[in-house]
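Consider the two complexes below, in which subunit A is the common component and subunit B and subunit C are the respective partners.
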Partner chain A sequence: MEIVDFVEKMAEQFDETDAAVFTPQTKFKELDEWSSLVALSVIAMVDESYKVRLKGVDVRESSTINDLFNIVKARAQ
Partner chain B sequence: MSYNPFTLENKTILVTGASSGIGKAVAIECSKLGANVIVCGRNEQRLNETLDSLEGTNHTSRIVDFSTNKEIIPLVESLPNLDGVVHCAGFTHTLPFQFVNEVDLTAIMQVNFVAATMLSQSLVKSKKIGKSSSVVFVSSISGVNVTVLGNAMYSASKGAINGIAKSMALDLAPKGIRVNCVTPGMVNTNILHDELVTKEQLAEDMNKYPLKRYGEPQEVAHGIIYLLSDASKWVTGSNLLIDGGYTLL
Partner chain C sequence: MAFFEVKNVKISGISGCVPRTLEENKDLSLFQNDEAEKFMTSTGVRRRRIADENTTASDLCYHAAEQLIADLGWVKDEIDCLVFVTQTPDYILPATSCILQHRLALSQECHAMDVSLGCSGWIYGVSVVTSFLQSGSFRKALLLVGDTSLRSCSTTDKSTWPLFGDAGTAVAFEYTENSESRFLFHTSTDGSGYDAIIIPEGGYRAPFTANSLELEKIEEGIERNKLHTVLNGMDVFSFGIANAPDSIEKLTQHFQIDKENVDLFVFHQANLFMNEKIRKKLKIPVEKVPYSLENFGNTSSATIPLTLVTEKATELSNGINRIVACGFGVGLSWGSVYFETENIVCSNLVEI
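Entry: the complex of A and B
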């Protein structure tokens, strides 16, 4: 799995935020549009695309997109 | 003082989804009120734990998987005549609507709605339930009164249950079979333990309930016992709301 694809998939979970904003260093929970529904969408996206079941705490403990990517990468087969 | 209009003595009650959560609590409470309980579940070990927790001796178990309808007819053929059925088998799968897919939707509708419906149909057709019997569905405020984020598939299955329960109540009234639902708010069961939400989020959610907490499985079971007992013999087609006041707001 590649970080570039992951960043793109993260961006897809947002409707108002410009996709150009998203990089591996983006602190996604600090974006204005971040909400509990977007959090559920991120968890569903990771399950659908990478077959990894994230927990709420994984999202809570991630700051940047790269942090979350590393959790998913470590668990993906 | 032996007066108890909620007694279940001499009643035989089938409880699905009895290996955990609300189903387990229903089985235990029914046994304490004198019922002969038949517990159904998928997991033999957990089902045996429920069976061991029941008061009295006249109880049996059936290992049944409701992810298809294949095991329903053999189950019904193995059953004695029943005075009550409680449909507790069910699960949830949180997905925001844009992630809803046919495989997951079909799976949740099958267990939560189709299997409960076809089991009821088969029991009626085979006359294993008849005069003075009671069917109770565990529905939810989610799908009937309200919903929560990402709960589309579960809400749909519970809304479907409420719809069919009304029709069943009408069609089965001439046979003396009563059909009712309980609609609980959030209850402390394993269904909450998938850790999709953090403890902090759960605490915040509990605060939205006027009674400031989630329900306990026994508190739902006691409403179900009312609907199984002769205390409710003029009650059919109802939804008993057990939600800590959540839907007031």
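Entry: the complex of A and C
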């Protein structure tokens, strides 16, 4: 799995935020549009695309998109 | 693997009872700006029924049961077994099923017991009742399932208060010799997630103290004490979208059930966002998946029978229905059941 694809998939979970904003360093929870519903969309995206089960603590402890990517990568088969 | 099959038992009727008091989520002061609309769109819950402080889950189930017994024309002395599934019992002790046996004026020759499970509770309740009936020693049984979840939700917690509703249900089962009728189950448990939905204090692990009542602000719009329900939405969501579809896939594969031939897939009504993810993952057409979320919210253990009786009464009363039901949540506990119904009695919804 590639970070480029992951960043793109993260961007897709945000309807109003410009996709150009997203990089591996983006602190996604600091974006205005971040909400509990977007959090659930991210969990669903990771489940669908990578067959990985993210828990609340994973999202809470991740700051950047890269942080989250590393968790998913470590668990992906 | 927890697969099992029960034969020679059928469902004869279903009923439900809800409190008359209704609360509209659009009117809640908990929500700011457009939060209410966003909440209703994503969860699918627009309004819920709320039990007053004098009404318990057993009251709701009692009225549902009386209605159903009357509509079936059952003689009460013939009811051999009563199972009550709830996580909001009348007392810590005694078991509420004993209180219900007396209140319903059932025979003392009645096998009565409580089961403490929530979102998965109806599936487990069906497994218990049908297993008791299958030998033919018991002929008739009542499964009463319900919760007054709002009694333990903080009115100042937007992650629980607008989501849950109160309801009680009754399902009547009968032994039927040499019939085609069978119940097919898959059940699972993962206690590592015991705190994903939890009331932290007031039991025996962390008993009630004066501090239990202290209101704590968790974040904007979430204020609660230690006797209130805590819902870790992200954990429950990731659990549900993975395990509910998995359970149905296992059930249908193990028992060689063709999903195309199933008329109804009735899911625990967690919230619309989660339930739709589950439905789409299983590629089930929307018309086979009824919802009662809009008007009743998440009614915990009662969601599956309440959805059947409020949304599908006409279909259930007329002809054969092949049904898969799936419950998942608090425990963490989950399971699926396949069964068929034929011309069953569906009582009109009782309001008290």
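Assume the second predicted complex is superposed on the first by the 77 of 77 C-alpha atoms of A that agree within 3 Å, B and C clash if a C-alpha of one lies under 4 Å from a C-alpha of the other, contacts with A are read in each partner's own complex, and residues count from 1 in each chain.
In the analysis below, a contact is a pair of C-beta atoms (placed from the backbone, for glycine too) under 8 Å apart; a residue touches a chain by one contact, two chains touch by 3 or more.
Note that the structure is a prediction, hence the values are computed from the model and not measured.
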Quick one: is A:56 in contact with subunit B, with subunit C, with both, or with neither? Answer first, second, both or neither.
both
In the overlaid three-chain picture, which partner chain does A:43 touch, first (subunit B) or second (subunit C), both, or neither?
both
A:33 in the overlay: touching subunit B, subunit C, both, or neither? Say first, second, both or neither.
neither
With both complexes superposed on chain A, which partner does A:8 reach: first (subunit B), second (subunit C), both or neither?
neither
Which subunit A residues lie in the overlap of the subunit B contact set and the subunit C contact set?
36-37, 40, 43-44, 48, 55-56
Subunit C partner contacts - residues on subunit A that touch it in the complex
36-37, 39-40, 43-44, 47-48, 53-56, 59
Touch list for subunit C against partner subunit A, complex
38, 42, 159, 232-235, 237-239, 241-242, 273-274, 277, 281
Complex contact set, residues of subunit B against subunit A:
94-96, 98-99, 149-150, 194-198, 201
Over in the complex, which subunit A residues touch subunit B? Could you list them?
36-37, 40-41, 43-45, 48, 55-57, 60
